[in-house]
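Two complexes come next, and they have one chain in common, subunit A, joined by subunit B in the first and subunit C in the second.
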Partner chain A sequence: MEINKFIENFADQLNDTEISEITSTTVFKDLDEWSSLTALSIIAMVDEEYDVILKGDDIRNANTIEDLFNIVSSK
Partner chain B sequence: MGIISNPFSLEGKTILVTGASSGIGRSTAIEASNLGARIILVARDENRLKETQAALSGQGHRIIAADLTDEMALNNLVEECGALDGVVLCAGKGLTRPVQFCDRSRFDEIFNINFFSTAELLRLLYKKKRLVKGASAVLITSMGGTHVFSGGNSIYGSSKAALDSFMKFAAKEFAARNIRVNSVCPSMIETPLIHSGAITEEQLAEYAKRFPLKRFGRPEDVAYAAVYLLSPASAWVTGTSMIVDGGFSIS
Partner chain C sequence: MAYIRFNNCSIVGMSAGVPRHIEPTISTTDQYAVEEYMATTGIIEKRFSNDYTTSDLCLPAAEHLISDLGWNKQDIDGLFFISQTHDYILPATACVLHGKLGLPKSCMSLDISLGCSGWIYGVATAMGMVESGSLRKVLVLAGDARKHANEEPDQLFGYAGTVTAIEYNPHKSAPVMIQLGTDGTGYDAIIRPGGGSRNPLTQKSLTLEKCEDGRMRHALQTRMKGMDVFAFGITIAPKSIKQLSKEFGFDYLDYDYFVFHQANRMMNETIRKKLKLDADKVPYSMTHFGNTSSASIPLTIVTQLAGKLEDRKKIIGCAFGVGLSWGTIAFETDNLVISPLVELPI
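Moving on to the complex of A and B:
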């Protein structure tokens, strides 16, 4: 599992943010468009792409995209 | 029996309850037994059904362990259950997933239990004349998909909306045998289904504040509506969908 691909998959779930604006240190909950539906999309994307079931709490406990990447990697 | 008979009593009635191992199904079985009914408890997990059975009032209750998505198990249930004065169909499954991730396999998983198994069981209970004349069928549907359309709830909501619609067709046709069919349409109820983890406990607590009655429902809030619909008190009520939502739809 590779972080650049993860960032790409993450950016795919966003509608108003360009992938160039996203890095591993982006605090994703500070994005203007972040919403509970975005969180559900991230959970579903991780399930489909990585076969990992994230909980809402996993999203809550992560700040940066790298944090989330590490949670997914550890599962 | 008292001098004045109680129109809310279920004395002498046999009621089959699916999804009776937890949540709304378990609570409905308990409340119906408190009002005098003999209960046939149905779900997959026999041990959890025994826990429900231990919480029932009165005697003569039975357990039939069955996975309703299994055609043979469903047919067997209809063979075994005998004559019924009522049925409460609670078996169901939740899923929170945005539309763009809802492929056919996800639909099948939820529709198989929430819609197809429930519709098939109701069909067979009628066709095989297990539901006696004057019987009452209660389907547990949901505000989600019929009145409320929260993000991520499309499959669950549309399965419940399909069931709510099916209820009305069955009500119209089954009136020929004076069999009533209604649904209870709850909003968020404190059951294992909403604590699956997709939505955090924090978000749930925040959401509860948006209800005029300031809390989520409890399983018994839905059970009381179901027992009313089973009882002679609702003898002239059919094809209706009873909203039990703490006032959410007027908020």
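Moving on to the complex of A and C:
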């Protein structure tokens, strides 16, 4: 599993944020367009791309995209 | 393991009642625009009215279906009412409906308290009594409507009451196959905490408190851990369908229609893709009726599949939600009678 691909997949779930604006250290909950609906898109993406089911606590406990990447990698 | 096979039961009819009033989806938060909400949930509008209880919606739908089936009310031996919005704390709403429908005193009446998964549980419970021929004609009434505290329309949920008629039929060719499951550790994932015995009704029950999603609610309003429910649904629904088909040795891809609990579009589409199902095999009613709790599978069949079931059709229904509770049913239609949608006046 590779973080650049994860960032790309993450960016695909966003409508108003360009991939160039996102790095592994981006605090995703601070993104203007982050909402409870985006969270569901991320859970669905991680399930489809990585066959991993994220729980609410996983999203809550992660701050940066790298944090989330590490949670997905550990499952 | 709750795998059940019924060889002597047929689903012979379905009907549904909804309020005529249409409530369009609006934005109730600055978190996201209404278009984004509609794209994610799939819900454009829903039926809403605080004039009708669930039993009010079920009653005319039951009258229509009994008439369309040509049933004699004196022959009905069982009435099962599945809902989490009963008319009274007591008595059971099934008894109230029994009286209003004018059913015979020999007819048993039973309430079951389940939400999203409720229709499949109700059908399974009813068929359990019909399978031996002890009961011959029963009605399963399922749905949710007016909440226990007067509320503004929730953007996700629409109101509906449905009726499913089940008959003893020892000569049928195809069995009805069902799987049921529970994860009670998730009991608080969707919960209306106040007004029961755990948190009895007091003046404080109506005090607004901040919920996990940042919204203010009082204890008689339902709150949901959205991310956890989403993760649960996309995991359990494909698993349950695969387990049922493995247990009874059939290929689920041979089925004609997959009628899922109408949770929200993103969740249902994720499930559809995981099972590799063609979009035209997966009807939706949520677009115009919202998430209708235990009514969602029969309401989807009544509103989306009427006219498409003339020949025998193989249907899988799968529902998941509050409890946490889930179920999958596989059955074949055979001259299924579907009454036109009953719309109750504003």
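One rule holds in what follows: the second predicted complex is superposed on the first by the 75 of 75 C-alpha atoms of A that agree within 3 Å, B and C clash if a C-alpha of one lies under 4 Å from a C-alpha of the other, contacts with A are read in each partner's own complex, and residues count from 1 in each chain.
Basically, contacts are C-beta pairs under 8 Å (C-beta built on N, C-alpha and C of every residue); 3 or more make two chains touch, one makes a residue touch a chain.
Remember, it's a predicted structure, so these values are computed and weren't measured experimentally.
Peer 1: Sticking to the clash and touch definitions up top, decide whether subunit B and subunit C on subunit A clash or fit.
Peer 2: clash
Peer 1: Once chain A of both complexes is superposed, is A:44 in touch with subunit B (first), subunit C (second), both, or neither?
Peer 2: both
Peer 1: Touch test for A:65: subunit B only (first), subunit C only (second), both, or neither?
Peer 2: neither
Peer 1: Can A:36 be said to touch subunit B (first), subunit C (second), both, or neither?
Peer 2: both
Peer 1: With both complexes superposed on chain A, which partner does A:56 reach: first (subunit B), second (subunit C), both or neither?
Peer 2: Both: A:56 reaches subunit B and subunit C.
Peer 1: Which residues would you name on subunit A as touching subunit B in one complex and subunit C in the other?
Peer 2: 35-37, 40-41, 43-44, 47-48, 55-56, 59
Peer 1: Can you check the complex and tell me which residues of subunit B touch subunit A?
Peer 2: Touch list, subunit B to subunit A: 96-98, 100-101, 151-152, 197-203.
Peer 1: What residues on subunit C touch subunit A, complex-wise?
Peer 2: Its residues touching subunit A are 31-32, 36-37, 40, 213, 225-228, 230-231, 234-235, 266-267, 270, 273-274.
Peer 1: Could you pull out which subunit A residues touch subunit B in their complex?
Peer 2: 35-37, 40-41, 43-45, 47-48, 55-57, 59-60
Peer 1: Mind pulling up the subunit A residues that touch subunit C in the complex?
Peer 2: 15, 33, 35-37, 39-41, 43-44, 47-48, 53-56, 59
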